[in-house]
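Reading through the structure tokens given below for one structure.
For clarity, chains are labelled A, B, C and D in written order, and residue numbers in each chain start from 1.
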């Protein structure tokens, strides 16, 4: 479903504009994730808790801004799993999924390149940051499961609060999951391209994505029962 | 009362779904409390203020997400004392209380086990973290007293702000009470099962719960006079 | 004016209940200010920036909760200058001012005593924390000036945002004023009674209060011209 | 466009009052930026990440308060580029631009002087803080580009969330851009006048402003296509 869908529902915003919104929004998200990671690590003088505090607060604050900015155009998914779960739950036609996913992956990579360039790193540099093991993969599945629950529960019952809920969830999940909560295949893919604080070794990315898919599938099953499938009318609820 | 009751009031959501929402929501809360405590302590390099900053920000941010997600289904109590106080004040039938409490206790323990597993700790490990003494118990009673005031004051007069108010209150109370504000018997019980930052020795749990009960009872008396008992109509106020 | 006045305007809440709300609310505020200061200083290992970060975040988060909780009953002034400025601007009858002020001063002292007791400090202990000099007094007048502008600008034009605006302002002002922004005579008075992080030497309190009065008077003049005197109708604006 | 325009649209607030609101609001913003930078650096004991955490949280929190306070009077632009972009997009008559800009520049300088005075620094002291190089200028153009997108996307589709979105964006951008996101010519100009944490050498200011103009121009082009030009009716949307 669209996170904030007043525009999408009422105005017939073109598919190309919605794809652009997903691309630019995802680019801004990755620039925030990677850029704040670099800045945090450089300034923290070795205290990784302070670096992660900066990284998590900056990511949550950026998400709040990005979702409110692009939500009215494209729904501000910024995440292939959010788009696919939407289609699974009947909230979005499957034919729109490929364009959304392409925009998200391209945007994510562009955002990483921009962050690297802002901090004088090579635009694309393979990460050597190892993130492997069962407990991290378990954490990724929990992180994704929770994220989809938050998006769909809020969308049904407290839509104007959704940008705050997603931002709050991600800020928290950076801390409460051992994997620091990627919870997003496009983000995982793009973070292989920065050899900095937020990076992940390419070899570890498939495991993360598999775990995310498992968590996402479980969430879809629970959402269908717990929150119910939204009526078509839900898409015209005002977000003001 | 339900924190966000649009769904509960209008849609006749089944008791089993509401119990599930309480269980999953409380599990997410405990995963956030315990997981962020572990991550904070591991990264903080011995600076306990930085660890508690991470723990308190993550807990507040998670609460904001969890309450907005499950509020429309079950009211998002996540706390046996909130449910019991609701029944005392006539906002909820007593027959619904046992199911809510069972869900909260089971969910809390599951959340602790998930957090332990994400961080390669044994799923259930008895805490050795001593938390005793009169001043800590006094703090727990103050923390619970304040929490119930916040929930009922906001519910009457500023319902859309309630998820923010509860999240803000708990983030603050981690710092302004010497006990770091458990304020919740299910949380207290479950935190005996993790031998990490957020743990509490089982021997100290009964004192905490007794103090919480005392603070909660005082709050119910004050709420009845200060805010008044909500009219039935209050349950249909829109939260948008 | 009442910060959130739905209840006060519509329900005819009795003066005694409104005085109680001011008293309990101000007590919670002071418990948060002093308690989080003690906890922050004890845990921060000598890094005063980390202690002030905890203190400022906890105070802002508590204010958000307190204002939304008690705003519907008493307006949640929590501050004699807010009450007096209200009367000066014609938003409140002068005859209600003394009761509000008495409640605020008593509540503030009770909150300090509670915080001290929670942390095993003597309930009342004179502060030896020197806070004097022209620049600190200049800072207090700026802090108070800004606080009143925020309260009245938001009340006129963005009332539902007011609890967030006041919380944000105080969190910021802890950092951007050299005095850490007391901006409240009841708070200043009560903080002379704790010999901890948040305390102020009794000898320095009159200077702070004088500076606050000067800043408040300037704010009232500017508010009258810039925002205009609210019409009676403004008191019935819904805060949902 | 006006960020919160209920007042401006409905009440015919005079041009002089709107100019005053821009001046006072921008002064408060600069006092917050510079003051919290000084306090953060003095207390952080050399850990620049902790200082920037304080600076970024204080700035975001202050922005939330300032935008909600003055938004109903002047739109709370606080930034010449926001005003000029408004005029480019047809949301504001060009004849109002000069007064807004003059107020913003004068207010910004007054805010810096107030911050310096509160902390016993000379009111105006030329900064020696070097901020030069291509990557910083690239960062400024990205920061400004994103800021304008956030303002216009939110204004069209989620106007009540705008103060939160702008505050969140700036808090994040302090971390995710290597330049710490000035993104504002009046802010850049005024920060040459403080030889403290937030200062910038006068010689480096023109490069920052040029980069901001480039980013702003790109944003205006994208906004026109992606969000569309707002209908006149958009100016009367209620912000409650």
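Please note the rule applied: a residue touches a chain if its C-beta (ideal position, glycine included) is under 8 Å from a C-beta of that chain, and two chains touch if they have at least 3 such contacts.
If you're wondering where the values come from, they're calculated on a predicted model, not measured in any experiment.
Counting the residue numbers used at the interface between chain A and chain D, under half appear in both copies, so the two copies meet with largely different residues.
The two copies, chain C and chain D, are related by a rotation of 90°, based on C-alpha atoms and rounded to the nearest 5. Note: centroid distance chain B to chain C, computed from Cα atoms, is 27 Å.
Averaging Cα coordinates per chain places chain A and chain C 38 Å apart.
Those residues of chain C in touch with two or more other chains are numbered 47, 50, 53, 57, 60, 160, 164, 167. Taken as a graph of touching chains, this assembly is arranged as a ring, one closed cycle with exactly two partners per chain. Interface residues of chain B facing chain A in the complex, by the touch rule stated above, are 4, 6-7, 17, 20-21, 24, 28, 31-36, 39-40, 43-45, 47, 50-51, 53-55, 57-66, 68-73, 114-115, 117-120, 160, 163-164, 167, 239-240.
Interface of chain C with chain D (complex): residues 46-50, 52-53, 56-57, 60, 135, 138-139, 142, 146, 149-150, 153-154, 156-162, 164-169, 171-179, 222, 225-227, 237-238.
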